[in-house]
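Chains here go by letter, A, B, C and D, matching the order in which they are written, and residues are numbered from 1 within each.
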Amino acid sequence: MSKITQLHTVLEQIQDGSMIALGGNVMYRSPVGVAKALAKVGKKNLHLVKTAMAMEADLLCGTGSVSTVSAGFVGYETQYGLCAFYRKGVESGAVQAQEHACYSVITALRASAYGVPFLPIRGFNGSDLVDAIGFKTVKDPYTGEELLAIAAMRPDVGVLHVQKADRFGNCEIIGSQYEDQTIARAAKKLLITCEEIVPDDYFGAHKKADLSGVTVTWVVQLKNGAAPGACPGYYDIDHETMQRFKTLKTPEQLKAYLEEGES
Amino acid sequence: MSKITQLHTVLEQIQDGSMIALGGNVMYRSPVGVAKALAKVGKKNLHLVKTAMAMEADLLCGTGSVSTVSAGFVGYETQYGLCAFYRKGVESGAVQAQEHACYSVITALRASAYGVPFLPIRGFNGSDLVDAIGFKTVKDPYTGEELLAIAAMRPDVGVLHVQKADRFGNCEIIGSQYEDQTIARAAKKLLITCEEIVPDDYFGAHKKADLSGVTVTWVVQLKNGAAPGACPGYYDIDHETMQRFKTLKTPEQLKAYLEEGES
Amino acid sequence: MSQYKPSDLLTISIARALKGAENCFHGVASGIPCIAIMLSRRLHNPDLVYLNITGGVNVDREICEVSTDGNSLYEDSRSSFGLTDIFDLAARGGLDVAFLSGGQVDQGGRVNNSVIGPFRQPKVKLPGGAGSAVLIPNTKRAFVWKSKHEKRGLVERVDFITSQGNVKYVFTPLCTFEMVDGSLQVKERMPGVSFETIQENTGFAVEDNGAPEMAPPTLEELRMLDEIDPQGFRDLETR
Amino acid sequence: MSQYKPSDLLTISIARALKGAENCFHGVASGIPCIAIMLSRRLHNPDLVYLNITGGVNVDREICEVSTDGNSLYEDSRSSFGLTDIFDLAARGGLDVAFLSGGQVDQGGRVNNSVIGPFRQPKVKLPGGAGSAVLIPNTKRAFVWKSKHEKRGLVERVDFITSQGNVKYVFTPLCTFEMVDGSLQVKERMPGVSFETIQENTGFAVEDNGAPEMAPPTLEELRMLDEIDPQGFRDLETR
């Protein structure tokens, strides 16, 4: 049974208010193409989840599509600085920043993957985030030790952009996998966008996929799906586009940019 | 810094009473060679941990080296039936069978890897194992749901037998990895035995190791280290030896078998 | 009836029951389920996702060894989805069918793989339930099979409950039991097997509920069975 | 002094402090630590295990991009030990050194990467502490660096505590602070930098404790620094 479909078909199945976990990291293999598509079709009240995100959060906040961002870090790196639309969203109160440590995002996703409502975590000692976010504690029934408990986050949809996928959803990931494996197991449904679809005999005894298709729901070919971020083996960061993107100040400018096309 | 050493050097650093986690599964890539060596040097009161084990438990119980076995399954498969020495040990009271579901062994090791004293788990509903083992419950502080809590098991030593390793401890594993990745992260110290040592340029941009050397303490070349079990790419199950092993009835016969040599 | 063996009937009854399942898993020492799954995928459920301990996914090849956790069930796979992944999948409610056997299975669908006698210093130490204590409650439908239909293995009440929960069927070479209102009922008798024969070999009361005989194996089923398992590894369990 | 820049001093001071460390980690937007780690491994700590977000282990190559989570820090690695692995390692007490920066760092070694102003609807939303809320308490020694030594970034008391715990040093282009009895003290001044200059640029009271000047960069250090970072990416942060 082929999982290959079209992006618009998947978009129809993503509801307003969905929790969406995003693969990749900052400017690398991030599913920017899907974020653009979600922004263009006017999804609302999305809850974005990822350890360290950048452009997905920035443009979806810019189009007013986001209610909540759960992340450890939201920003480009040194070169492109902060995510201006995201910042504006949080500072205006339109967007709720559920600030996590990256590890607590991972732990919340793990809890979902393991089918439990929470997991204990080591860390956050003396952090004001505990009260700000409302993290609760749990007592180890064996030792009595009090640990922070992280509630499961079960994304309605996980979105990963990879280099190659077959029709079963098996993926080749060139370069770092970041937290993609965890997202693939935590989300209720999993969308793979890929640069290339490969034939059935691409994976097998000679070469195992990096990510199993078992948890994949949809496979969509979306060339340049991480641009203007990088996709190792295919393209590097598109600095020209990034510089132009960073000049956008208003939602109208952002909208015009999104209408321009696929890069 | 090379991690390559000799087995006897490692054995000297394993104390009586150690908790030892074993890699592989049943008759596949199980560290039987190390189990034999532990039996021969007369280690005592070992606590063996693994989801599904066979010959390691059997021969170490036969030499009176084991106090506790934490496992979901202890037995050969259909062909070679049960582990006679292990059974005798448990039935006589000499060996304590801390019977787990394989998943609770994994969860206990995960807890160790994650640096937390326990993890909640879904399952064990209505199982007499809960009282027999003394599993406790924990309440999710967010939803109030009561879940079974699995206490961390932090092995003093993890032992994995792999096909190839470099001096940094990076490993190539041919065939299934089973729970080796979890053991590698859960144990305080990690011993890799391997069929072959490979040069520094064996792993790199062209080929990543299957298991990172970061958590590896020692690398020991031990040819036929999984025999008479199988080691994919090197040897299959040695049925002749297995049949002979299964005829051993007494500790004396077992001792004589162990003295014979390395297979 | 001479053209098929008890192992054929057992395997085919399981394969037929997998119709409609989305994914399924078997563990160690599970030759019959392994063959039944492959048969079901070839016959009537090509989209069935087949998982096993090794991490192999949808492996479909001639059975060449008695073990069900070795490299032959991994090597050809396109990807790896290992045991930990499978347990997690079940824990989050995503596993359709898991296969489990038991030293003792009772009328309430409870399974004992742990001990006969006291838990500490038992009369008989069984090999342990492997994943069953979590899989039977977590999987949507647990399929239990008994390679031998005997009184000592099908009991009124197990000595020790290793696991219980979502047992759907118990397959044997004589019949298929189904859990109905918390109790095992005959769903189908093997061709030519009477309720009397079933009762004679069962440790709990078997009600003559009029359950029909299973349709005999088709030639196609038997042919494919021999293609998958030409060496007859399935007979090792039922002998 | 003309032959080296503030970024050189900062990087070299960090590289020197890594002497004796067994393993270390830096995250995103961490160009200076990335270069300092590579420098330390080449100079005096070849066995230092170098971990980063990508999973690359002990990568040692010419810096070719400003980012510190891209493929250049992964590609050549012999194995992968990813971010999740690193957090777990720290949680179980196995991570020696982690590098973290902060929008605000205060005299008590507390770090703010979250907000200026109220947490909901803040005056300024900072990008977030990434892993710091778990790494600063879990790592044996947290190394904080500030690419600019300014009053607004080195404050008496942070507006919001994103993280605190095992901060060992705070490195800046003017000096290295060390945590002593819960308070940052000058450990070393950069060559030619007076206590007065440090105080003028620091938002908390700096005690003249007689801390010495750091030994100037050696020619070997400067040469290796240029080999690792010939394009001068380290200057991007300090400019």
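As a working rule, a contact is a pair of C-beta atoms (placed from the backbone, for glycine too) under 8 Å apart; a residue touches a chain by one contact, two chains touch by 3 or more.
Predicted model, so just to flag it, every value in this text is computed and none were measured.
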List every chain that touches both chain B and chain D.
-> A
Look at the interfaces A-D and A-C and say which one is made up of more C-beta pairs in contact.
-> A-D
Using each chain's Cα centroid, which is most distant from the centroid of chain B?
-> D
When centres are defined as mean Cα positions, the distance from chain A to chain B in whole Å is 37
Cα centroid separation between chain B and chain C, in whole Å?
-> 27
So how far apart, in whole Å, are chain A and chain C when each is placed at the average of its C-alpha atoms?
-> 40
Touching two or more other chains - residue numbers and ranges from chain D | 75, 80, 91-92, 138
Residues of chain A that touch two or more other chains sit at 114-116, 121-122
Draw the chains as dots and join the ones that touch; what shape do you get: line, ring, star, complete or other?
-> other
Hey, which chains are touching each other here?
-> A-B, A-C, A-D, B-C, B-D
Would you pull the chain A residues touching chain B in the complex into a rising list?
-> 114-122, 136-143, 145, 147, 149, 151
Provide the residue numbers of chain C that touch chain B in the complex, in ascending order.
-> 27-29, 31, 53-56, 65-71, 74-75, 80, 82-84, 87, 91-92, 110, 114, 119-125, 127-135, 137-138, 160-165, 236-237
Chain A to chain C touching residues, read off their complex | 1, 112-116, 166, 168, 170, 185, 203-205, 208-209, 211-215
The residues of chain B that touch chain C in their complex are 25-28, 51-52, 71-75, 77-79, 82-83, 86-87, 90-93, 96-97, 99-104, 106, 121-129, 132, 174-179, 182, 230, 232, 237
The chain C residues in contact with chain A across the complex are 23, 46-47, 49, 51, 57, 75-81, 85, 88-94, 138
